[in-house]
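Here chain A shows up in two complexes: once beside chain B, once beside chain C.
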Partner chain A sequence: MAVIVSIHSFRGGTGKSNLTANLASQIAVSGKRVAIIDTDIQSPGIHVLFGLNEEKMGRTLNEFLRSECSIEDVAFDIGEHIGDAPGRKSLAGKAFWLVPSSINSGEISRILRDGYDVGKLNEGMNRLIKGLKLDYLFIDTHPGLNEETLLSIAISDVLLVVMRPDQQDFQGTAVTVDIARGLDVPNLFLLVNKALTRYDPNQIREHVEGIFQAPVACVLPLTEDMADMGSADIFSLRYPDHPWSKSLREAAQAVLNAA
Partner chain B sequence: MSVFDRLQKQLDIQKREHGISALELADLPPNLRKIMRLMLREVVLKYTDLCHAVEAMPAANRLSKPELDSALKTLVEQNWLLCTGEGEFLSYRVNLRRKAGSSLNKDIWASLDNRIAGSKSQEAPNQKINPGG
Partner chain C sequence: MDNEAFNTLKRDVESMTEVEGLTMTDLLTFPDDLRLLLNWMMRENGVQIEEMASYLAQEVNEARMLLEKMIEKGLIEEIKKKEEEQYQVLVKSSRNYRVPKKIWQVIE
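Right after this comes the complex of A and B.
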């Protein structure tokens, strides 16, 4: 049975999409069959990390939700179309797909105006798992709490809540953790991102675990190298020996172990 | 489309309007929530498969058959699960409520659409000059 992994953050700017792309890539490179679905319909962005733009991405989740195509039509084969970024070259031939949301302004406003069938989104994820024989389905969610976020949490085997060591994130994360517990998510992990390097990551881990009574999958350092890349590639594949990448692989291992 | 098809479509739309919202899932009593989690993952399940799935749950979470039947009855009464067939063909389908659209005045959306259409037509000449992007 496929493992559904939701990546969530209560606030924007935590690096959620970047983490999702990197985690899913690491697991795809390990030989698992992996897909990412971008349910951040209001502000999609993960496609950028895989070198896609509006012209290249083809069909989108928005079209599937309007019953204009099948979910399989939307699944973009990353393993077959890696482009020329050095990091993504490691994904060549891997069983790895992305279901992108539309970046077209008219499409986004249409979803906001008309709403959509949440049941169809759920059925699409189910069909994707079966049709592509997935081992892992990663769900990149919209920050905060809304319908698709709660649905993704409710169906998840693993929930990763991304937070920065920041008071606003601490309060927001508490809300998300409460809801995840209310929805009986079997495996809940916290990911601390953008931690200042002058602090001991082990102390940050202990502090966060003490507050939320949940395991921290990894503490990722704030790094200019990541900012410099500007989402142009999969950082942990391009720089596998970078401290950020090493920490990221701890989280990937936690996901693999949880399954 | 026949009269029957139109009627069925209308009934389906009404059922969707009465389905469960993701917001309500967290407030369900534990037994109902366990069943809904299972159903959300599978979308459609035969009763017999549902019984097997419940039996496979860890002992601490497992529902007895009367508890399962009672939970299913409640979920169907609320229209959160839709029940079809009989006997060995008895099956359940999860019924999620449609996400409502915006309640903003339609003129605002029409104005936004016009703006988007306007900006697209201005972008078009550039795209022709450099189609590779």
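Right after this comes the complex of A and C.
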């Protein structure tokens, strides 16, 4: 059985897409069969980290949700198309796929207007797991709570809740953690991202764990290097010795150990 | 689960209004034992009647009665997997994608 990992945050811009791409890449590099599905249909972004644009991505999740193609048709083979970013070189030949959402403005407004069938999304994820014989399915989500983020939480074996050390994030994270407990998620981890380097990460960890009574898988520093890369590559593969990457690998290990 | 809890669970299912599939927001409002059962079934992604009986710590016949009620209410569907009868949560085909107000009552 595949392990389903969803990455969620109550507020936007916490770093979900970058974390999803990096965690999934680390696990793919370790030899597991991994796919990412971008369920952030309203504002997709994770394809950028894999060098995809509208032209290159081919079929999208939107078409699957309208029953115009199968989910396997949408899965983009990352291992076969790593592009020219230095970090992604280590992904060559890996069993690693991305199911992208469309960035065509017409497609996005169509989804916003008509909504989509959440039941069909669930069916697609199940088929993807079987069709690609996945070990891990990562779900990148839209921030906040709606039927499809709740569904991704409900079917997850591992839920990663990303937060910044910011009061607004603390309150929102409390809501998400409550919901995850209501949905009985077997493995819940908090990921703190964009921590100021002038504070001790261990203290941040203790503080956050104390508040939410849930384990913190890693505390990732705020870093200009990351912002500077502008999601153009997989940071932890490009700069494996960077403190951000070292922390990230702790979270990847926590995921591998959890399920 | 003990017989008393199981009877409560049966009554909870009986008193439900029929639905065409489960929404996650509804799931969050269900009584604990029913919610836990459905959560478990969702994550298993298809269970056999024997597995359900052992989850409930009940005889297969008892479990089947509950299951049939859940199918009647539109929460569960039967699927065939490798020639075996399996049962799965029926996720509502909702096109409505905003969160209903109810969710805020749940988490308050």
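Convention: the second predicted complex is superposed on the first by the 259 of 259 C-alpha atoms of A that agree within 3 Å, B and C clash if a C-alpha of one lies under 4 Å from a C-alpha of the other, contacts with A are read in each partner's own complex, and residues count from 1 in each chain.
Everything below uses one rule, namely that contacts are C-beta pairs under 8 Å (C-beta built on N, C-alpha and C of every residue); 3 or more make two chains touch, one makes a residue touch a chain.
Because the structure is predicted, anything quoted here is derived from the model rather than measured.
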Completion exercise
So, after the overlay on chain A, do chain B and chain C clash or fit? They clash
Practice task
Scan A:A154 for contacts with chain B and chain C and give back first, second, both or neither.
Solution key: both
Practice task
State whether A:D228 touches chain B only (first), chain C only (second), both chains, or neither.
Solution key: neither
Exercise for the section: Using the superposition on chain A described above, determine whether A:V175 touches chain B (first), chain C (second), both, or neither. Expected result: second
Practice task
Kindly classify A:D241 by the partners it touches after superposition: chain B alone (first), chain C alone (second), both, or neither?
Solution key: neither
Exercise for the section: Give one of first, second, both or neither to describe whether A:N53 is in contact with chain B, with chain C, with both, or with none. Expected result: first
Practice task
Kindly classify A:G106 by the partners it touches after superposition: chain B alone (first), chain C alone (second), both, or neither?
Solution key: first
Completion exercise
In chain A, both chain B and chain C touch residues 114-119, 122, 126, 147-148, 150-151, 154-155, 179, 182-184
Fill in the blank from the handout: chain B contacts chain A in the complex at 16, 19, 21-23, 25-27, 30, 33-34, 36-37, 40-43, 94-102, 104, 109, 112-113, 116-117, 119-120, 133
Exercise for the section: Flag every residue of chain A that touches chain C in the complex, lowest number first. Expected result: 114-120, 122, 126, 145-148, 150-151, 153-157, 175, 178-179, 182-184, 186
Exercise for the section: Please give the residue numbers of chain C that touch chain A in the complex, ascending. Expected result: 21, 23-25, 27-28, 35-36, 39-40, 42-43, 45, 90-99, 103, 106-107
Completion exercise
So, in the complex, the side of chain A touching chain B is made of residues 4, 53, 55, 105-106, 109, 112-119, 122-123, 126, 147-151, 154-155, 179, 182-184
